[in-house]
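Look for subunit A in each of the two complexes below; its partner is subunit B in the first and subunit C in the second.
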Partner chain A sequence: MRRLMIVDDSNIIRSKIARALGEHGLEVVGLSPNGEDAVERCVSARPDVITMDITMPGMDGIECIRRIRSLNPDVRILVVSALADKATAIQALKEGAQGFVCKPFTEESLTEAIGELFSEE
Partner chain B sequence: MFGIDLGKYRTIVISIALFLIFDLGVLVLNFFISSEIASDAVNVNLAGRQRMLTQRTAKLTLQLENRAQAGVPQDVELKELIAAFSLFDRTLAAFERGGETASGDGKPIRIAAVDDGVAQAVLADARKLWDPYKARISEVIESGRASPAVASALVTQAERANLPLLKLMNDLTTRVEELAASKATLLRAVQVTGISLATINFLIILFHFIRHLRASDRQLEQARKETDDILRTTQDGLFLLDTQAVIGVQHSAALERVLGTTALAGRSFYDIISPAVTPKTLDTTREYIDLLLRHDVKEKLVASLNPLECVEVQVAQGPGESDSRYLQFGFNRVFENGKVTHLLVTANDITRRVRLERELQASEERAKGQMGLLVEILQVEPAVMNQFLRSAQDGLQHINRQLRDQGSAREVGGETINAIYRIAHRIKGDASALGLSSLATSLHSLEDILNGLRERPALSGEDFLPVTVRVKGLFEEIEAMHLAVSRVAQIRGVVSVEAPRPQHDPGVEALPFVQRWKDFAVRLAGEHDRAVELNYHGIDAETLPDSLREALNSMVNQFIRNSIVHGIEDTDTRRRRGKPEAGRLSVYISARDDGGVDLSFRDDGQGISVSKVRDAAVAAGRLTADEAAAMDSRRIVGLIFEPGLSTRETVDEDGGRGAGLDAVKAMVMQLGGQIRIGSTPGEYCHFRLSLGALPSLAPIDKTEDKAAEEVPA
Partner chain C sequence: MDEQQLRIFVSIIQHYFEAETGRPAEVGSPFLCDPAQLPVHDFTGVIGISGNRKGCVYFSSPREILREMLLRAGETDVSDENLADLAGEIANTISGNARREFGHEFLISVPVVVRGTHQSISVPRDVRAYVIPFRWHKVDASLVVSVM
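And now, the complex of A and B:
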């Protein structure tokens, strides 16, 4: 069972993702409300996949992806954010995210994106 | 061959193998023949020496005989004889059967027997002569010295054998030389043949090679031509970008047209697009291309982030003119050995698509707007609506004329703006009064533009461009409303949205009260140099209660008077305004279910002039100038029902005293009811009165605002 960590400053979004992907067969091993917490937690939680918000108080998602990448190069990162512009999404992918889903998202778009994350090209 | 599929190289491999075989064959033969020639040369040499040895032997026998006869020692001669004799003998034997002899320099040499028939015959003859000769010499050699008799016998033998032997050895030499020469000829033939075969083989190789080369050249040429055809014909801009985002040497012909620039090969893609995009988009594009060049990010994912999906570019159309076009760039990765080496970029001009989409969007919005418009239009009487639209069109045309007159002027006075503003403001007032909110909004934005222009210190004709554009839009809106009105009219015709008016009954016109109004109107008009025509529709007023009938009669008379004195223009003016010469007065009375009646009185005169009413109110001392200025036009129009107010400059019995409409108001108040006024300056004036049995309605004073609602500002 793949281990999932959710990084988002919104409690509602966190539980929405947790519910959608929990039912989809992922084990939720961490919920982080901000980037700093996520970086700290990702070592002990050992997630296989992280959903990452971009706009968060304090450390933003881009910086968070960069740090987590350096700590755990194998983890797959799915950006789940209200991507204001394409530049942010591109930046996230350059920093090592493997996918993105725009908010507001549907359960299907989320599970599909997670599936894509683990499919071979 | 060798279990390997040589494919197209088969011929060339065989050719090379043959070449090697020929070469090797020639080499071996050459080696063999030349070694034979070498041994033949030795034979020639030895045969020549045999010839010489016959002469030496003969000479030594003579010297030996001389020595023997002189009785002097003959050791030296004997010794030399032995050497010459034995050398000849050994060499002869070697020629015959093969064997060892001494070479020219005295070293032992093995030679093969001469296997030529002619030479063997010569040798056999030589043997016959040599053997007796040899026996005599052997005798002398064995005895150690020759007596004069033995020496003479030896000389005799030598004389007999010497010349034939010389000739035979000569023949042998000649024969051996011939043999050598024939071998040399053979060698040459072999060499010539070998070289010829090698040359033929070489030519075959060359031929095949050239044929293959030409075939592959043709294929290449064909492929190149096809690529050229594709690049020349495709309507897409196609090109390759390398990892440094530099455009490749080949691109489609359409690319230059799409990008509007030439000499693209070798240029940086960023340089090409930078004039058309914002610095931020340019940065995003750089990041995006970097991302594409990394093969670890999925192409599908990246595709949705393309920042150049729709780029607006300005294209110069002529001096000082430019046109907006929209370009779309698509990126595909080109892989080589699992790495992204290039990006295939397609550039398309999607202007038509974008415009179409926008038009669709706009027409959707218009359709939505039209629904709203229809609802708005349904709430306005068709006649009023038509009048409004005509008046609005006139107003807009007036604005257009102003704009045209100022279009080329270097400086435009504020008066022009004010004039335009006034017209726009009037139409806007009309529109909002009729509840046509979308049109009112459009006019409001025109006012905003004009206000903006007012604030500028200096104006030129060009500054009016946005006004022109907006006015054009207004014309279109009005046109759309015309269309909508005619549709509504159709719908009304089918479903009778409005309560049907009583059929025109010619009998009604002949009723005495109607006839009285007509007579009055015609007489009064004649007195004022006007022409009028009064029409009546509706119920027979004689059937109404006396009080109501008398009130109605009085009010209609007052309205007739009011129209002719204030409303209907003289015939010249009416002609100029495109109206029928005779002013039209329409009276309509209908009975309501609640027992009350509605009176409608309408003329097609010059309408109510708000400014005149305002001025009159000030002149009459009813309002101060400031109050009048601050008062909105609806309330101003309401003043016409106030006593002692007239807009007429001269007072006469029919008007000017300001006593008339105030009387109407008083009657309405008495009967209970409300008055509504609709008017467009230059077009019409319309009074609508609801009388009696309206207990729920507010008294007249409170309804004045409402009453003036349809009065344009």
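And now, the complex of A and C:
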């Protein structure tokens, strides 16, 4: 079972993602409300995949991707953000994210995007 | 903010409710409002705007809408904390989606949530404030755009 960590400053979004992906065979091993917590937590949680918000208090998602990527080069990162401009998506991919889902999202779009992260396996 | 730019927000509200609930919001005509008379409902999520624009965007809703949205999304915890969280998240999503049209220099803050109808929301004095009224689940709510 793949291990999932969810990083988002909204409690209801963390729950929504956990419900959606938990029903599709992912084990939730970490929930983080901000970037600092996520960087710290990902060392012990050892996730295979992370969903990452961008706009958060303190460290934002872009910086968080950069730091997590240096700690764990193998983890797959899916950005789930309201920021709908191309520049943000390109920057996130450049820093090491492998996918981007724009809020508001459906359960289907989320599970499809997670599936694509592992499509080469 | 001109009419065409206000239409961007109208369209985002329609898309948001359709995507989240499967039921579109009925959006009324935007109108210019005296900053002292801006609508404030039970929960208000405020986003500060900076970068190539200046001002704020806020989403204000009665608790009935937020509660119904949480229940439809499968959330069983409809505490005030989660209603406030949802108001902030909606404000964040609407403002973030606006970057598709306004560009990545349209910088948005994290949401600040204000509770209670007796609160007043400060908008920039030198920027016009437009109210976009809408109705969902037979309840009225508002998006306020005060951005130059």
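Following the convention adopted for this analysis, the second predicted complex is superposed on the first by the 119 of 121 C-alpha atoms of A that agree within 3 Å, B and C clash if a C-alpha of one lies under 4 Å from a C-alpha of the other, contacts with A are read in each partner's own complex, and residues count from 1 in each chain.
Quick note on the criterion: a contact is a pair of C-beta atoms (placed from the backbone, for glycine too) under 8 Å apart; a residue touches a chain by one contact, two chains touch by 3 or more.
Bear in mind that the values here come from a model prediction, so they are computed numbers and not experimental data.
Per the definitions stated earlier, placing subunit B and subunit C onto a shared subunit A by superposition produces no clash, and the two fit side by side. When the shared chain is aligned, subunit B and subunit C each come close enough to touch A:Ala87.
With both structures placed on the common chain, the touch criterion links A:Asp9 to subunit C but leaves subunit B unconnected. In the superposition on chain A, A:Phe100 makes contact with subunit B only, while subunit C stays out of contact range. In the superposition on chain A, A:Ser32 makes contact with neither subunit B nor subunit C.
For subunit A, the partner that touches more of its residues is C, with subunit B and subunit C as the two candidates.
When the shared chain is aligned, subunit C comes close enough to touch A:Arg19, but subunit B does not. Legend: residue contacts after superposition of the two complexes on their common chain; A:Pro57 is shown touching subunit C, with no touch to subunit B.
With chain A fitted onto itself, subunit B and subunit C come no nearer than 8 Å, counting C-alpha atoms only. On subunit A, the surface touched by subunit B in one complex and the surface touched by subunit C in the other have residues 85, 87 in common. Within the complex, the subunit C residues that touch subunit A are 15-16, 19-20, 70, 73-75, 77, 81-82, 85-86, 88-89, 92-100, 103-104, 106, 108-110.
Interface residues of subunit A facing subunit B in the complex, by the touch rule stated above, are 85-87, 89-91, 93-94, 98-100, 116, 121. Residues 9-13, 15-16, 19, 55-57, 81-85, 87-88, 102-106 of subunit A touch subunit C in their complex.
On subunit B, the positions that touch subunit A within their shared complex are 280, 283-284, 287-288, 290-291, 294, 297-302, 305-307.
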